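Across the two complexes that follow, chain A remains constant while its partner is chain B and subsequently chain C.
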Partner chain A sequence: MSEPQTALQGATAQGFVTVSEDGLHGMISLRGDLNDPKLKAAVAKLTGAEVPAAGRISWKGDRGVAWMSPDELLVIGPYSSAGKDALVLSKALKGVHHLVANVSDARAVFRIEGAGFREVLAKLTPADVSMDAFGIGQIRRSRFAQVAGACWMLEEGSARVVCFRSVAGYIFGLLEHAARSGSEVGYF
Partner chain B sequence: MSTRLATGGRLLDRTRGLEFTFNGKRLRGYEGDTLASALLANGQTLVGRSFKYHRPRGIVASGAEEPNALVNLGESGRFEPNQRATTTELFQGLTATSQNHWPSLEFDVGVLNNFAARFLPAGFYYKTFMAPRAAWKHVFEPIIRRSAGLGKAPKDRDIDRYEHFHSHVDVLIIGGGIAGLQAARAAGASGAKVLLVEQTASWGGRAPVDGAEIDGQTAEDWIKNALVDLESKANVHLRSRCMGAGVYDHGYALAYERVADHTPGDGRPRHRLWRIRAKQIITATGAIERPLSFAGNDIPGVMLASAVRDYIANYGVSPGDRTVVVTNNDDAYRTAIALKAAGLVIPVILDARPEANGALVEEARDLRIRVEVGKGIAKVKGGKKVTGISICAQAGEGAALEDIACDAVAMSGGWSPVVHLWSHCGGKLVWDETNAHFKPDVDKAPTNQSGEGFVKTAGTASGAMSTGAVLQDANDAGKAAAKAAGFSAKSTAAPRVADVPEQPMAAVWSMPQGAGIKKRMKMWLDFQNDVKVSDVQLAAREGFESVEHAKRYTTLGMATDQGKLSNINGLAILSQSLNAAIPQVGTTTFRPPYTPISMGAIGGEARGELFQPVRQTSIHDWHAANGAYFEPVGQWRRPYCFRRASESVEQAVHREVKNTRQALGLLDASTLGKILVKGPDAGKFLDMLYTNMMSNLAVGKCRYGLMCNENGFLIDDGVVARIDEDVWLCHTTTGGAERIHGWMEDWLQCEWWDWKVYTANVTEQFAQIAVVGPNARKLLEKLGGMDVSKETLPFMQWANGVIGGFDARVFRISFSGELSYEIAVAASDGRAFWGALIDAGEEFGLMPYGTECLHILRAEKGFIMIGDETDGTVIPQDLGLEWAISKKKTDYLGKRAQERSHMTDPKRWKLVGLETLDGSVIPDGAYAVGQGRNANGQRITIGRITSSYFSPTLDRGIAMGLVEHGPDRMGEVIDFPTIDGTGTVIKARIVNPVFFDKAGEKQDV
Partner chain C sequence: MLLLECPYCGVAADETELAAGGEAHLKRETVGSLDAEFEEYLFMRENPRGVHFERWRHAYGCGKWFLAARDTMTLEVFGTYPAQSKKPPKAIENLIKKKRPDWKGWA
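Showing the complex of A and B:
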């Protein structure tokens, strides 16, 4: 059996920033009452990270928890253990009304690296991605041109963009176009 | 004739000469020129022809308000018509051609229209082309299309690229003149995030040309210092070549950045559309000078007074050796003084006011310039260029008092603040009697979501008419905007200015005031669209009293300049004709964009490959590499069929159908919607959503279900699988996944918010592959890993397991009537799993099939398709699907509606199968006709085709359709007239819609 494949098999493009498709991430959609102590404990136990406040993403090592809506989290971790992790969460939440779904394969993730990464985002998303509105620990669920997407920052100087797998090619095209040398805006 | 002066031109770099062509003629200019200034420098005063009469047109203005100097710019992939010469920066190799002339600019046969002008008055088109109808198409339209119209349509694909840019700021300031700069300073000092945009390439607006002393410095120095100051501030961003195009609700604004218009082909995007969210917007958009209405005011060489001094000061260009200045205000004297300083001759200044003694007037007199008060221009002489004028008394009817030779006329009818952006989102205006212009009504600003004003004006745009007042107003606006955006403004004082006092202007709407009809027919209001004073007066007489009606009747202000020069003059004439005050007549509506912006900028990156998202499954690349002929299904691309060698599409489809029925087919069904529904109330929820019961479905089993909307109409269908005690997986149609997920969330969030149900759209998590045909089980058994026998995994059940090493969920469901397994694997494994099936399937005759084969297979079985058998007006009962409607349930969405009389009417058209008597295929959508005709004389229709195919299995045409009393008329033959003009009628027999394997034995093995 062959290795699981990302949508674009690691495509990259070099402009005034580098755009590259990231490898597969474990991603689990968790819906429930985010204030429920059992849910908080289950998330903390699996990831080591706290349930984040609205618009935030919390990390511990290679695991993260992103706020997606008032009743939805995205639990991020290694791809290889996502199925198992989803079962762990389900078990821990027995008796609590919730939904756990492994969506690791329904997503594509892109890295935008380089000083101008905010400009590339700002060409495509109406979300405010300026320094004072978007930084490490924040996640923005928004759109990129014509499709849904989210972005977050893990470290200074780069951002991650996540979208549905089926539009990975479209998003990559958008990012590549937005990052083309000569189109620096010089704004942020 | 216009020419380049030996010295001067503050925007020019005279060390950098540029070559360009106009109508093929090689000309020279300098870096810093606009195309307009460079044309004038080369003596090219004639630049185009007017829209209706093809009259010669010269450059009138120096900025965005220019109505005449529109050119075809560039070539092939960079060709663009209607480009304004006054706002086009000159670059090396620029090519321009003039527009709207035939055969040449110098000699235009269309000018005959000019002599026919008395036959082409306002409303001419409406009056003339009413009848006869045929004449429009064959006579009038071809002629008008040839003679009217401006630039040529581009023929080649645009080779440039475009983009958008989103920005969020506290204060957006539109206009980089001294008002904009001061407002930015005042707002920026508070710490607010400020974006200042300026449409031209240079900062400071008119101040350096008009001359002013600000804080003891020249305007030029003050601007330089202000820029240095602003550029040093991290919270202020400056953007030149960026025009505020529109102001919209909620502080949204569009700005149009012309990134590379002046450096074509340098790899940068040509235009960038800024999409700005601002808490507060300041429009510091300045003012536009008005022309005066005198006979012959459209002859090339007649220019705005402000433009004349712009060309002298900014570009070192003289409009002519002898320039007559005609005015109703003091400001135009600045032009005379500038001309004099440049060593040019001013034969006379004609001032329509009875007296003029302001400081600028006295300065002109001191320079020994002849000033005539109470006088105006009786008429301008000349054809393609000004040769002279006749002087008359402004108070009279225009008797010529004296003829004066000149080659240019500088006119000024006063100034109108640019209120466009203030007005876009509802800002109101007041009439300022002193300055005879509309200015923003500060008490009636456009309001935001909190009902508070979010637009302010600054400087001349507010109606401030002196430098001191401009800077004071701008300073106040900047501070007020910062405060309104939530910052505490610093108490910075406005710069000190020693204003030159000016005497009041006098409103002059017609020169002379008593001009007769002959003169009024030569007084142009709208230069581009050829609207004259007489046309507006005629419109008023004919009853077009509303300014909006008069505009459309006369086409005043409807040209590409949108009446920037003509608007106020036109409505002043209208108000006079109606004996109403100007504010009572009001203005036409100001709509964005301020000046035309490119379609490229609006589209941004959305062109070519990025025009719209195309969704691809994880197996897409294999399809593309193996002959797939794609069709769009929603935003997905799905293989319609897989063509082999020289096969036609039809041949491929027929092969795929036969092979799937006889051996083994493989379908990429990944696009089907998959929605998880979980929770204690999930069963109850699904019982409401589907017409049949889902709560009693056993874990491990599948059931086909129908979804209707509140009106009872069928909106989606699919197989539901019970995954666990409180988990269901709902399959939807390909196009329905997002819609149905939204539908579910809508009911859960808005109506049944207390039901404990969560949903998740997991469509893209899985690659789903249908293995279909008599050999399906053999293939899966060969790959091995789980028991797929009939005993362990019977029809309409599902199981988790491993197939060929892949974790899989296998559904025994069939949309083809064949033995069929739909196998879901992780999308990341989809491509590999498909490959494993293809490789292992060869010995079983496996062939992939596409959507058309899928359609035929299901039609042969009489399975309905959402979007074919349904169109938003069809209920399940119409389709004979009563078996899928629960009688036990007290309610489901659509139940009540389906009980209404119209829905239970026995005359509703119902689903039947149709077989043509001759075996041919009935055109899809064909209507069946009955006896007689309806009230409109049309044949009575009794049914229509919903699906129609050639069935390779049965070797004949088969169809499904909705027919009145259809199920009761089995065996009857009905008529389907064709619409191909042959008059043929296709006869078809009503049959059972299940054409193949009526007992359903093949799928249940």
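Showing the complex of A and C:
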């Protein structure tokens, strides 16, 4: 069997912040009624994290749940167990109207670390990434230059950017360029 | 730049994150409708200079449709509300009436 690879083989770039491609993530798309107690229980049992409120992401250990839309969650976990986890979810949701899909290979994830990470995001997206609007535990789906993407924040001083795998090279180029030393704006 | 608040996400979405869907609150004609009514439904659109109700989709976000009430001349946004609404919420209607006393009503 061939080994799973990330889109850019863990590319990194150092500017006034560090941009690096994150490792493989297990990602499961889950659609259904997010208020359904059975769905809530299934997600909590698998991830240990609560179903998040609108625009938020909850995290526990190496697993998380992100709010994508009023009827969609992104369940994040280890890459190796994503296929099994998807089966666990669909079994637990038997009889409940839902959709579960393992989309782990569909996306690429980038880490932006450093005090100026908000600057890098703000150069590329129309989303409000100021401290008031984008803080720990929040996810914002938006666009980065010309492609769709999302960013979330789990800790102070860094954010993750997630996009479709097919545009990983484009997004990395954008982030690397926006993070070049000497191009700080100093707004935040 | 037009900023509309998505009623589902609660975020202020930029115009470039949204897809415009034309006029809101159209009545769909169906079997048995007259040709003139079909013509009205398919082709005839308001194009006001002032208060207007529009459909928008949060394309780069949650992907849901919503409706917005805004002024096409000043770009002032009176409010946004879910696409499942048959008519604008009373609060938005009252706000428009207060700000535009000569407004003739939404229908």
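Just so we're on the same page, the second predicted complex is superposed on the first by the 187 of 188 C-alpha atoms of A that agree within 3 Å, B and C clash if a C-alpha of one lies under 4 Å from a C-alpha of the other, contacts with A are read in each partner's own complex, and residues count from 1 in each chain.
Keep this in mind: a residue touches a chain if its C-beta (ideal position, glycine included) is under 8 Å from a C-beta of that chain, and two chains touch if they have at least 3 such contacts.
It should be emphasised that the depicted structure is a prediction, and the values quoted were computed from it without experimental measurement.
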| item | value |
| --- | --- |
| Which of chain B and chain C A:I112 touches, first, second, both or neither | neither |
| Partner chain in contact with A:C151 - chain B first, chain C second, else both or neither | neither |
| Partner chain in contact with A:L74 - chain B first, chain C second, else both or neither | neither |
| First (chain B), second (chain C), both or neither touched by A:A86 | neither |
| If touched residues of chain A are counted for chain B and for chain C, the larger one | B |
| Partner chain(s) touched by A:D128 [first = chain B, second = chain C, both, neither] | both |
| Contacts of A:G55 with chain B and chain C, given as first, second, both or neither | second |
| Where chain A meets both chain C and chain B, residue numbers | 126-128, 133 |
| Residue numbers on chain C that touch chain A, as the complex places them | 8-14, 16-17, 60-64 |
| Chain A - residues contacting chain C, complex | 54-55, 68-70, 72, 126-128, 133, 140-143, 148 |
| Chain B partner contacts - residues on chain A that touch it in the complex | 1-2, 4-7, 24, 29, 31-32, 71, 83, 97-99, 101-107, 119, 122-130, 133, 145-147, 164-170, 173-174, 177-178, 180-183, 185, 187 |
| Residue ranges of chain B in contact with chain A within the complex | 161, 163-168, 193, 237, 266-269, 272, 275, 277, 604-606, 609-610, 612-618, 636, 676, 678-680, 756, 758-760, 762-766, 804-807, 826-829, 831-832 |
